[in-house]
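When the chains are written out, they are named A, B, C, D and E in that same order, and each has its own residue count from 1.
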Amino acid sequence: MANNAIPRDFLKNVLQNGMGRYVCQLQRITFRFCKSHPGSRHMRDFIENHLLDFTQKNPGVVVYLQPRRHRPPSIVAEFLNGRRESMEMMRKEPQEICKWAEYMRGRSGVQIVNMIHNNHTETPSTQGIWHPFMFRDSETAVAKFPDPKYSAVRETGKTATDYVLEEFNNKE
Amino acid sequence: MAAKTCTKNVMNFIMRSPKFYTSIKLKELLLCRQLYFGCLVRPCLGGSSLHSLPGNRFSSAVVSSPFPSLVSCRTKSTRKADIQISMNLGVCGIEKLEDFTSLSDKSLEDEVTGQINESLEQGNTGRLYAVVYIRGIQHKVTAGDLIVVKYDFPPNVGDRLRLEKVLAVGGKDFSMIGQPLLSRNFVRVDATVVEKTLSHNRVWFVYQKRRSFKKFHLYREIFTVLAINSIQVARLPEQNEEIENQSTQKLE
Amino acid sequence: MPQNAMRVWKRVLQRRLAWHFRGRKRNCYRLSLGPVKKSLRFSTTIRPIRRKNIYHLFINRIAAGCAQHGIQYSSFMRVLSESNIMLNKNMLAQLSVYEPRTFQSLCEFAKKRHSELLQQGIGTVLKPTPSGIITRDMIKKSV
Amino acid sequence: MAASMASKLFRAGARSTIRKVSLFSNGLLQKGPRRNYDRHRMRYLKEMYQKRLDAGPEKPRRRSEWINWNYDAEIYAFGQRLGEEFEESTLRQAFINRSYVEGEKKKRAELGIDIDAVPLQLDDNTEFANEGSVLMSSYLKVYLRNIYPYMFEEGISAAHDYLTTDEMLAHISKHIGCEDLILSEEFPTSSATLSTTFKAVVGALFSDKGRERAEQFVRDFVLPQLIETDINELWQIVNPMGLLKAVLVLSGKGEPEPRLLWKSGANTIMSLYWVGIYSDKDFIAKSPGETILIAEEMAAREAIKKIMKTEDSRAPLVLGAAAENLKLDYERVNVSAEDIIRKYYGSEDPQKNTSTSL
Amino acid sequence: MAHNRVMQWAVLARTWWIFDANQQCPFRSAYRITTYLQGLHKPVYHRHGDVGDHVVVFNTKHIAMRGDFWRTYKHFHHTRYAGGFSRASAYRVHEEDPTRILERACHNRLSGLDNRRTLMKRLHLFPDKDIPENILENVSGQIQQVQVVPKKLEDYTQEDIDSFPQLFKMPEDYDIDSYKRENRLEPDQHTSKAWRLK
């Protein structure tokens, strides 16, 4: 969308995750489906075949199955920062449901919003940020302006008269 | 193909002024400078003529013209920056020839590596930053940073990575710049994959009035968030030490 | 699905894209059609332009940093490319602001190296043309 | 245009190029139910929505009140998530607060069950919490003393206090998932209970796995919170110049002498002064400021940072994998600014000293 | 946070520069001055970042124009009313207001910038050497001149003139003043009024 129509935020990391050790931010995931409705057949297929591998791979995530009569299949993910996100799994094959479960596992639970910067740093500068007086020689601090010494063109180069004088002096 | 045209371009450039490039010594070059500028380059703000403008920093005592090869392959944006900023701030060309002997003398090199090793031993290198190259994009990172790697990036959430392509490392006392990369024996940048998500919904909308031409897509890009754990620099090889019998590197 | 439902839903979507406009464009559906199209087109076409602008901003910042140390932008960039330092313009601009000492050392190196190249004079250019390249000059000679 | 856009959204699910995953239902269309749009339903939905607004926000409920809740699975997952193998019993005990135990006793009393006949095996997490807090604060101090050896004791304790405030520990425990597992009377759980629970978890880990593992747990979860803040800002120095003078004189150097280095726009609103501090002619630190006084005071703070070796270019905290082979000297005690001031200014009360020489 | 506040104040501070326009070409010095006004000399430059500096220019009365620009360089003006077009050559404008030429040169070279007006406010022009004391106190740096200031005849001392090598000896009885024409002093009498106003 156009930038100013949508909210924008900086890149965030929950509880400095990864600095100490990495903690999977997905706390709980609930698979909601209907036992009989054909719409949930993919979800049922996923539960039969792929769910166990998912649970084995992620012991830190609690998995709930919630059969609901005549309701569309969907995933509800609850994250460690307390946010809850649901996603409808209508017309999605078991492979794709696996993909979206994996996606929920990789997320940090922060609301997905346009990023202002694609990096975040607490200490942008190690040598000290540039400032106007960093590379000025300290003579100018005590100089009394306006001072012809600083304003004259430093490298003038030889003019015609210089050549003439040079030749003249060489001859003598 | 590009190399070919570029070299041809260079050749043409030179061929147009055969007189100039017959046997040349520094002194002679000086005298026929006018000839060089006069016949070769129109008195517009072209690259090399930039140096011949009166009042600029170039003195006739110095070989004023950079290589013609440089002149011919200078892009428009470079020329614009030259004119808009460098010339306006009066830093056209080089004032006087710097004594470049220090570039090749070995003793200076050893002295610098000695200083770096000494500050490494004392452990007061302080915070280090590194310029790393990931998937075609360069990032300046320090410890405790977050960077985003766009598009599909194989490592999975929770993996610990070692970023291999380090272009430069620096701290408050020294900076090491690779040509183009620093060897992995001396620099180690550790990161962990913290998050792998999709971006927000981005719009791609193309429309032409009265042409019934309208295309609209909503898409989400995949991106990965890396947290930089630490940047470490190992002892540099002194002149006397041979690199082969380098003791087991603590970074391996 | 009756027509009316789709009609209501279209307006809800449109409102999401036009809530921040001025005047009646924000409230009236028909009036906001054009501006919404325009804003979406802008947000798509601006992307390459924004990259170009940022690229030029980097060049300005590097040139300003170089000027402080007394070297011209083109010589600085030429020396970096000559000595195979692959820091891109984004990084050089960040170094000039956030790591001024590193940028200063890069500039000093560039000045010395540029003088060295100048001092070598035009010799390097006169090296024989690499094989496999035919120049107009050769053809003229052979005819 | 919106129509085509809307219809595109419905069909968008199928097409997904490798790099760009086209929209699925999550983005724009969070609310719109997909299947039926008949007119009466629209009005019904509006009606229900209005009712919901009139009824006001929902009462906050504990997570355990929902149907998809299993305490054992949650306890097990809590341990696995943090990568620690807890004993089932100690971990459960860590989450039981005293208010929960009293509540249980009261309930049994109401039901007329004789308390001592059927002993209530529930014992709360208070002593775990005490052990945990003792371990945590001692380890934090030892860690900070070893990482910043030259920092004054006050600075270390200020950083330690910042890390062990209730809000900070509540924030940490909330983000590792303790909030739903806590058994206590009050709801929503206050930051006090959250922080005691976190300490109890540390205590439980200490009793299960030993000190080394618990310390690593504290290092991985509590210390990274220092990354966001500047450690020097945590310790408010009232009179930096006085402290600086004391430190320099006691260490044998000359008195600190501020000098004006740069001045720009002196008569304008945006005036800028750079003041540097020298002690017997060698430069210590410099700092900018809007006025000379501000610049001088900030320069004094910079000088103290330099003496404590915690200036901005200090080394980052050693966390995570790099900290495994970190050897900490537990008996180390840093110099305390209090003694320096007392020694230098004699018996006079140190804080009152406001002599800032210009 | 105080340290960050103070560091930001220093990085984005508006420093004051001074520029001696004595014997300088107004147009090329305008390029240099506007670079400093925009803040293009800082690595933290951004179009809307307002990082420009103040520039105090003095000696604008003694600017030097190349060739006969004093006569041919025209300042055009139109009052947007019928017949409101007028032009004035440089020397007339200079007589009326010695700072106008340099000011207008800087104004033109900031064209296309939306903050041109604020940038021009940061330009302080003074016809000759005396600058008010409070402004001089603000100055913290000097901008290098664009051209070399040529040495006037009066600057050469008498022995320099005598010791300067002579190509040939002038005969004693040669009368130097004879070459002077009578009307050399009046400005552009010899040009027709029409041509002058072209």
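In the analysis below, a residue touches a chain if its C-beta (ideal position, glycine included) is under 8 Å from a C-beta of that chain, and two chains touch if they have at least 3 such contacts.
These numbers were taken from a predicted model, which means no experiment stands behind them.
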{"item": "Greatest separation from subunit D - chain, by CA centre", "value": "E"}
{"item": "Relative to subunit A, chain with the most remote C-alpha centre", "value": "E"}
{"item": "Pair of chains whose C-beta contact count is the highest in the structure", "value": "B-C"}
{"item": "Mean-CA-position distance for subunit D and subunit B (Å)", "value": "40"}
{"item": "Rounded Å distance, subunit A centre to subunit C centre (Cα mean)", "value": "21"}
{"item": "Centre-to-centre distance between subunit E and subunit C (centres being mean Cα positions), rounded to whole Å", "value": "35"}
{"item": "Numbers and ranges of subunit B residues touching at least 2 other chains", "value": "55, 84-85, 87, 89-90, 95, 126-127, 129, 142, 144, 170-172, 192, 198, 200-201, 203, 216, 229"}
{"item": "Residue numbers of subunit D (touch at least two other chains)", "value": "1, 5, 28, 227, 262-264, 274, 288, 312-313, 316, 319-320"}
{"item": "Of all residues in subunit A, the ones touching two or more other chains", "value": "1-2, 16, 18-19, 24, 122-123, 125-133, 136, 153-154, 156"}
{"item": "Sites on subunit B touched by subunit D in the complex", "value": "123-127, 142-144, 151-152, 160, 171-172, 190, 192, 198, 200-201, 214, 216-222, 229-230, 232"}
{"item": "Partner subunit D, residues of subunit E touching it in the complex", "value": "1-4, 6-7, 9-10, 13-16, 54, 134-135, 137-138, 140"}
{"item": "Subunit B-facing residues of subunit E, complex", "value": "28, 31-32, 34-35, 40-41, 144, 146-148"}
{"item": "Interface residues, subunit D side, partner subunit B - complex", "value": "1, 4-5, 8-9, 12, 17-23, 27-28, 227, 309, 313-322"}
{"item": "Parts of subunit C lying in touch with subunit A, wherever the complex brings them together", "value": "16-17, 19-20, 39-40, 42-43, 65, 68-69, 96-102, 104"}
